[in-house]
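Below is one structure; the comments refer to it alone.
Letters A, B, C and D mark the chains as written, and numbering starts fresh at 1 in each.
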Amino acid sequence: MGIKVKIAIIGSTGYGGVELIRLLASHPLAEVTSVISSSSAGTPITEGYPHLTGIREELLDDVDPAAIKAKADVVFLATPAGVAAKLVPSLLEADLKIIDLSGDFRLKSPALYEQWYKKPAADEAYLKQAVFGLAEIYGDQVLNAPFISNPGCYPTATLLGLIPAVKAGWIDPSTIIIDAKSGVSGAGRGASLGTHYSELNENLKAYKLNQHQHIPEIEMVLSDVASKPVVTTFTTHLVPMTRGIMSTMYAAVQGERSSADFVELYRSYYEGRKFVRIRPEGQWPTTKEVWGSNYCDIGFAVDERTGRVTIVSVIDNLVKGAAGQAIQNLNIMMGWDETLGLQFVPVYP
Amino acid sequence: MGIKVKIAIIGSTGYGGVELIRLLASHPLAEVTSVISSSSAGTPITEGYPHLTGIREELLDDVDPAAIKAKADVVFLATPAGVAAKLVPSLLEADLKIIDLSGDFRLKSPALYEQWYKKPAADEAYLKQAVFGLAEIYGDQVLNAPFISNPGCYPTATLLGLIPAVKAGWIDPSTIIIDAKSGVSGAGRGASLGTHYSELNENLKAYKLNQHQHIPEIEMVLSDVASKPVVTTFTTHLVPMTRGIMSTMYAAVQGERSSADFVELYRSYYEGRKFVRIRPEGQWPTTKEVWGSNYCDIGFAVDERTGRVTIVSVIDNLVKGAAGQAIQNLNIMMGWDETLGLQFVPVYP
Amino acid sequence: MGIKVKIAIIGSTGYGGVELIRLLASHPLAEVTSVISSSSAGTPITEGYPHLTGIREELLDDVDPAAIKAKADVVFLATPAGVAAKLVPSLLEADLKIIDLSGDFRLKSPALYEQWYKKPAADEAYLKQAVFGLAEIYGDQVLNAPFISNPGCYPTATLLGLIPAVKAGWIDPSTIIIDAKSGVSGAGRGASLGTHYSELNENLKAYKLNQHQHIPEIEMVLSDVASKPVVTTFTTHLVPMTRGIMSTMYAAVQGERSSADFVELYRSYYEGRKFVRIRPEGQWPTTKEVWGSNYCDIGFAVDERTGRVTIVSVIDNLVKGAAGQAIQNLNIMMGWDETLGLQFVPVYP
Amino acid sequence: MGIKVKIAIIGSTGYGGVELIRLLASHPLAEVTSVISSSSAGTPITEGYPHLTGIREELLDDVDPAAIKAKADVVFLATPAGVAAKLVPSLLEADLKIIDLSGDFRLKSPALYEQWYKKPAADEAYLKQAVFGLAEIYGDQVLNAPFISNPGCYPTATLLGLIPAVKAGWIDPSTIIIDAKSGVSGAGRGASLGTHYSELNENLKAYKLNQHQHIPEIEMVLSDVASKPVVTTFTTHLVPMTRGIMSTMYAAVQGERSSADFVELYRSYYEGRKFVRIRPEGQWPTTKEVWGSNYCDIGFAVDERTGRVTIVSVIDNLVKGAAGQAIQNLNIMMGWDETLGLQFVPVYP
């Protein structure tokens, strides 16, 4: 099997970081050699995560590019907004490969970042270097790239569900409406009233209407695919479950297309890409059917009465929406089979 | 306090029936005198519902119009689709007032019923007699009417959220898209794989796309309000919680209207109607904020970028979406204050 | 109906306080005239609790005994540990009646309080004045008392389930083991990792083994009832639900007693007390069967093989375990029927 | 890697069967060659389990020993009570190795089986052949055995938590009380009111007190370990979550033993057994900390006040409590490392 690629994870105490640890534990060609957390450096990772007892019990490292370089070849950043923007220059300088799971390098325009994230943007030169790693769409750019910006969870489910139809001209991009729903783990591990158990259990909540920072990310890619500016309506909801995202998407159909036509178009578009599964006509995926796995499952319903198509796309937000796709990008970047270490059967029930 | 109006409930062992029992227990002018279940007649109601121990312990009655008439003035029907269609003629003949919570008398066209419900429709003469009891909209027709058809849960949340804007011409009815989500109690008490705990917990599921029987009910009312035929896109989802419905609705805004304008329009439209609460700009209701109560709460977000408004409307599906609105209709029918016996504070958390 | 008793609630922004507001909203002889929160004084209560929109929208008052006295006759304290200890002297001095829902005045020994609560105890003189308001047991002391200490949630479920058997000498108090489980609302509204949605959903957790501050409260009463010192094993668990407590209790049976004998003993002991419901042999209550209500339901299983009895006792922790029992104590204190304003049917499902 | 051992799974459409499929998908030395279901033979497995789309899509086979023998070396039985009793003789005759996940061959006495399972027992000759596969305890008997009876979920968590202390004489077996709690998946996939979402969500339920069929299984092993007859009190609860079992166990301590002493005793007892993790003093495992994995985690609390120890033991009921331990037994049976294919990190959160 030869020598494994060595991985450092910055932000190991967040849900994205700990999911990277879980998934990489069974990767055949990569191994985690440094778990890093600026806030908890020096304490054992099991202090915050007793489920790692007997699996990984080392102390958390601090963020130090030179020390990281001594231990690792590739760095995953699973940090809050604004942190990667500051760390990336020194990590690149230390000649580390980077896969950034935060939103800091997804938007190519600093102004757009600042408008939606309400934070200072990263330096534009670095923004341009970062390849947007929506693996099934931009995989050819990921290959051999040293610096990947991993897509957001909502954009992943949404874009994989829309792109083939937009590209084929089967839907009118100006009519796209996205009603997205997420489990609570997407909000991270920071405790707040908004993620307090008694407030969210047996509750359903719409939030950040027209203001979510994933809107410009979705529009950036749709505009690229449609070769013209696209604006969309995008609503996010918090659902009382831990994992899972569903995007229910609506658009006006152009031409005469049945649900079966959409199934065929998408199957052909994603041929050979194992992580996108197109459901047969009349079947729509549920979030549990991809739980714990790197799959994105998609189903369709064309309504002749209204001339619209409804597209349902689901992922596990922490896997395909974060750590799983990041590893898929690692695989592609290294020239490996993209499924390496990711062939989990969804956990059901 | 004088003599109370006597109530019989047919279908007392379903969730709608048992919620009527709960709510009517504290009604000042009505009392339940007969709890009826054809399937469980002769057994104590506490056998299936031990939570009624010490509250109501009588045996369930069988369905017999003459016997009902001897005990009651008003009959609530909380029966599965197809049952009320058969029972109503004999109940009307026995000179009983009727409030039907099932869908059997909502659609005025037998053909439409048969198309969407896949069952034989009720006799058209009776369909015409039944007043559609969306209380805040058709309350004037409910007053003194002997036979009320109580609206469906999804239509209640949806229509209360759309009507003022449609009526005012502020949104284009042909652009309306309704993304609805419900807790599982809406599926009733019948056990099936589709309502099995381990399948629904930690899961989110879209179902019956473009095929839900509430679509023609919503379109019937919207067409009436818009004075022209309206067709809509309507999607339903099952959310891992017991109670609550949220309709997230999208439409193109006609004219220059801000979120604040919508707030004002709706406040004015629903003035004096206690059960509809319009939230201030920038605040959207969650389902828990109406849990266990008869409220319908509504919030708005106009997006200048897209020219669309998003309307969020929530109810408790078993209260405002079923038993609560049925009692509200009883109150209106009898000429009482519509809030009688329904002034519950939502249960929070 | 005459003039209502005026109620002030200190700690209105916690779950106990907001449940008092909900329950008192329909009390026929009491009304809430001041909602008080030292931390949020001056802001509208709907800011933190939008579910109160249109119901109560006043600003929160600050804690000021003279101002309270001007507005109210009785003060409910729903404050964190340590706060009531400081406030009570001045409130008593202002000639207000007090019902304290916190743990500050339950234990009569300052040393015991300090050992288990790790905080300075209240002045012993006041500790002695406070009547321990376990309504079904000490109701005669509550009548006309000006200062009531409301029992804890776990002790209420536990003690109501144990006292008749201990008093009758049917179980050996030295063998009592209490395995208690609670919904998460018992932990209050303060956000922390320990109450973070993603950590508690789909999780079951034992906590504070042998260290819970309700242990001395339970032992104080059991020792009183048994007329000898009783120590017990008591374990608490957090269950992924919002409301509900179940105490599963084990003890060695003394003499030949069947489950049916226990049913009869308890029915006779609690005769006339509407809020305790003894289940028939072979039926054990679930927490949902008392949800939202002031009931405590109890069931039994005697095992001849082991000579032990298992007693299952359930309550809604925020009602019978807090706000509901506090109102029951108000009723008793005022000489009213103890069920006034509390005759809710449990919310099911 | 050589030729893999071929596995047939009878009962592939239950939760135990589908979990075997999930776990064996990544086993390096075994592969599933036949998925069998008598009730659904001839239909694709994805019909009931769409999450297997693109992973396994074959038709389900019928139960036919000769056909199984042609395809497989080892048969896993994940069937309802009573089925394995009938199938095993013909499967053994076909010279297949058997791992039975049902309860049919756990009790060695037919009379005991019939008393607790209320069904005819298997032939006593076969009962005697079956090795009780509690892997960490009876692994030496599993090695090379052709026929394994896999332990029940509750007994696994319970026995691993009790055996070292019983064996060491540190606790008095006659005082053992077991308060067990389980997620709902333990009840299987059959729909019933008792597993209906709206009945179980936000609910906690005790069931089968003193009557659970796992009681004689637990007592059989404890009696073996203690070398004298042991009877225990054992209570089961249904918790609103899908996976996870916690056994909270109580016993009188013999001799002077601290929590730290118990930690040391258990660490030493389970040395080298990777799937049992003993937590440090003052830390108790939660069910989520073993979710999706084959771990059994155990913690202790000795109480000097009462002279009792509380032991908390958790597993994932579908993994260590069923499919995972069955594969662990396959590994041991074949002479492989017991952790093969089972080194999953728990899924957190």
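One rule holds for everything that comes next: a residue touches a chain if its C-beta (ideal position, glycine included) is under 8 Å from a C-beta of that chain, and two chains touch if they have at least 3 such contacts.
All values derive from a computational prediction rather than experimental measurement.
Peer 1: Which pair, C-D or A-C, has more C-beta contacts?
Peer 2: More contacting C-beta pairs are found at C-D.
Peer 1: Rounded to the nearest whole Å, what is the centre-to-centre distance of chain A and chain C, using the mean of the C-alpha atoms as each centre?
Peer 2: 46
Peer 1: When the centre of a chain is set as the mean of its C-alpha atoms, what distance in Å lies between chain C and chain D?
Peer 2: 39
Peer 1: Would you give the residues of chain C that are in contact with at least 2 other chains, written as numbers and ranges?
Peer 2: 15, 183, 185, 198-199, 201-202, 240-243, 288, 291, 349
Peer 1: Assign the assembly's chain-to-chain touch graph to one of these shapes: line, ring, star, complete, other.
Peer 2: complete
Peer 1: Within their complex, state which residues of chain A touch chain D.
Peer 2: These residues of chain A touch chain D: 15, 18, 21-22, 25-26, 49-55, 185, 201-202, 242-243, 274, 277, 279, 283, 285, 288-292, 295, 297, 343-349.
Peer 1: What part of chain B is in contact with chain A in the complex they form?
Peer 2: Touch residues, chain B against chain A: 177, 179, 181, 183, 198-199, 201-207, 209-210, 231-233, 235, 237, 239-244, 246, 248, 250, 284, 286-288, 291, 299, 301, 303, 305-306, 308, 310, 312, 314, 349.
Peer 1: Can you check the complex and tell me which residues of chain D touch chain B?
Peer 2: 15, 183-185, 187, 189, 191-193, 195-202, 240-242
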